[in-house]
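One chain, subunit A, appears in both complexes that follow, with subunit B as partner in the first and subunit C in the second.
What follows is the complex of A and B.
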């Protein structure tokens, strides 16, 4: 695991030096503007508007980073041939892959944590104080980070066997589909053949369920998130990522470099 | 030279690349390669572009996978990644993380070799000095020239004191000074008892540095041995280099080629003394007399031309 850590830290260093974290400036400006505007136009619901806006921004910025950088994690190394010298070292391909995943996850953790800190500062500015119930915002941020981990894993898998552009399309497509998994499960069984019912059920469990991670409405209204949901989502993300990364490692371990 | 077995053993190594619609057609890049590199020797792998040199090296390092055949490095199968601890590799036209400085990239690669922080620091400094990059150590690689990247590549290949060093076109992109330095490093590695295998287009480098060379053309190995074994060492004639001290009409001068102030004259071995006598009579100053031998280049060119002729014949018969 030491080698995984070495690759992960270098991936994080790459993100920092390639100015990925500059998005924080955009987030800070957005939140400052929101704090000023919200106070003027939304009497009594400032906090929920700020929380919704802040969490949405954290989610969108994280999505953009995880999809765009995720699909380039491996393909860029193959394209630029930086992988040649690295794989000639005592590094297994799955160690490299896991290191790249870990590095981007670390980048997203730092980025998300910084944005969450910014959101709490704005909440403090608007409400003049913070309550224990505001901790639900932290849970929502944690769920966003779990969701991003899943997206990075999928982006890595697709980028191992197709072009970056197709990987981008597949990852984005799967994310959108993954937002409607519950709807797929709730399709009326009466109007479908038994085979179709079985297929949609099977498909709904195979697809990543991103809707599970959305507790934005609860956070905006200060409602507590049940501990079982936190545990369930954590396990779901860990297991799903493990399966996707195992598939990615299997594909990548037989991939011939150019 | 310590000869204790083989550092590299290659058996029937073959690589085919699928192409065309549905990948149904196959292009053979390497065909049944059988070759050994002895421990402690400098082995030159020479061949024209697309001959299969880099393919062989990439197969040995597990960057691509063989269609058939096997290979062992330092007695271990090439699928064993742990064996990479004892290997140094310089890729062709190396490219490294351009957001890192030379010192950072060397330190990064050194971390995979279980070295202590102090040892890593000492080795990085030593390598930067060795490849002449100590003054550029804090500049990000995105500002490096091709030659400087080649030096970084060489440094990372030998940083961890490997037993076997594989260099893919190590002289590529280097100026004459850089080439000289690389030659010195290869000779130093040989003195230290390391095995060095390098591919090159530059035949004079191979002749100068290698204990043995392997010549590959069209994906097939066409010859392995010492440069002397591969080419006909019999003297093909004698070359006299001379300068004229006064105007002369000696008949031999008509056969000589003038280069600057000097003349070159090639004669048969048995005619050497008669030619020298004639030149002395013409008041010529003899500068040198050397044997003319077949070179590795001629051997190489003959193989390449034969391969091209064969390829053309196949194409014509195919039509």
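What follows is the complex of A and C.
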């Protein structure tokens, strides 16, 4: 586990060196602009738009980082030939993968936490005080992070057996499909054959359901998220990530690195 | 090189600035002022919004406010896009209370203050109640539209009564339900409802409109009372007064009465008290009367 930690820490350091955290400046500027402008051009949504915009920005920035860096985690090491030097040491392939996953997750956690802190500062500026009900925003941020963890795991899996460009397309595609899982379940059964109905239902449970993590509307209106849902979503993300990473480790361990 | 840049940059951008202005005026002369929304289906917009529907709802709500505000400033009564925009906004975020409350106000008001569609306002509020059944203010808004715009006092009373049963509802909701059921339209009820709108809104346009409605109500009540005094004068003198000073000289009034805008009331052709021709309230009164005649209830 120590070896995993070392790889993770180095991945985090590399991300910082690559100026990944510079996006925080963009986030800060966006939030400051929104805080000033929204009150002037709209009515009665100053608070909710700050939360919606802040959470959407955290989600979009996180998505870009997880997809673009996630698909390059393995391929970059192979291109720079650093992977060979690393695997020559007593580091197993799955440990390398898990370390890479942990490192990017740590980067995302730092990034997301910094943006969440910024969001709370802007909320404080707009509302002049924070209420206990604002804690729901933290839950929403935590759910975004869980979603990003799942996306990183998927990006890592795809990057283990295909090119970065295809891995990027597969990950983005699966993310978009994962937002419409409920629609897949709601397809009109009367116009489909029983086999098709069974297939779409089976598929809808197999695909990652990213809509599970979407509590932005609740956060924007200060409505509490049930504790059970927090627990269920955490378990869902942990189990799904474990499945995907196991698959990724299996693929990567058989991958020819010549 | 640096000197050249210092010369080229300001001169170049100054040229661009001027050119863009002439392009803008050229385009304005050839294109018509056209309002449109590309997607009218709220469900489709929600589907396309991925997981960012709440943010899209805020953007659409801002568009509603901008659309209404621009039309209001230009004095244009055509608010055809108001309903589709509100429909998309509330489909994207069914809990965006402000869209139901202000949206209903924009829809129900008589032109040019609103779209003159109280039927759509009722539909919007009912949709809001369905999504937010415990929010009592929506029942107040529903009762208000029935009372003020549709003059359906039975339904207005029912809405206030239903709202009074919701958590955190103000006590006056029940009183209002009983009063409207018993009296129908009355000066004190109308004053109370418009005063509540005036005090509870933060929007300057709605505040201004509520204030002018309050002034108009005051003026209408003044006219009624002055007519009663004129009747009294006629009883005493066998003829109706010709001017306000007659009532003052007869000791029926302490001074010349003025409307809330500071204009003296006058007697019209039939000897009834009317607003002064110079009073801005007169234009508003005429608009409301025209709206009452034109719109089917």
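For the reader, a short list of remarks on this structure follows.
The criterion applied here is as follows: the second predicted complex is superposed on the first by the 257 of 258 C-alpha atoms of A that agree within 3 Å, B and C clash if a C-alpha of one lies under 4 Å from a C-alpha of the other, contacts with A are read in each partner's own complex, and residues count from 1 in each chain.
Definition applied: a contact is a pair of C-beta atoms (placed from the backbone, for glycine too) under 8 Å apart; a residue touches a chain by one contact, two chains touch by 3 or more.
Computed from a prediction, not measured in an experiment: that's the story for all the values here.
With both structures placed on the common chain, the touch criterion links A:90 to subunit B but leaves subunit C unconnected. Of the two partner chains placed by the overlay, neither subunit B nor subunit C lies in contact with A:141. Of the two partner chains, neither subunit B nor subunit C is touched by A:65.
By the touch criterion defined above, A:104 reaches neither subunit B nor subunit C. Using the contact criterion defined above for the overlaid structures, shared-chain residue A:53 touches subunit C, although it does not reach subunit B. Residue contacts after overlaying the shared chain place A:154 against neither subunit B nor subunit C.
In the overlay built on the shared chain, the residue A:214 is in contact with subunit C alone; subunit B does not reach it. Of all residues in subunit A, those touching subunit C in their complex are 38, 41-45, 48-49, 52-53, 56, 59, 176, 179-180, 183, 210-211, 214, 216-217, 220-221, 223.
Residues 58, 61-65, 81-85, 87, 89-91, 93-97, 99-100, 108-109, 111-113, 153, 156 of subunit B are the ones that touch subunit A when the two sit in their complex. Interface residues of subunit A, counted against subunit B in their complex, comprise 3, 6, 10, 13-14, 17-18, 80-82, 84-92, 254, 256-257. Subunit C makes touch with subunit A in their complex at residues 47, 50-55, 57-58, 61-62, 65-66, 93, 95-96, 98, 101-102, 202-203.
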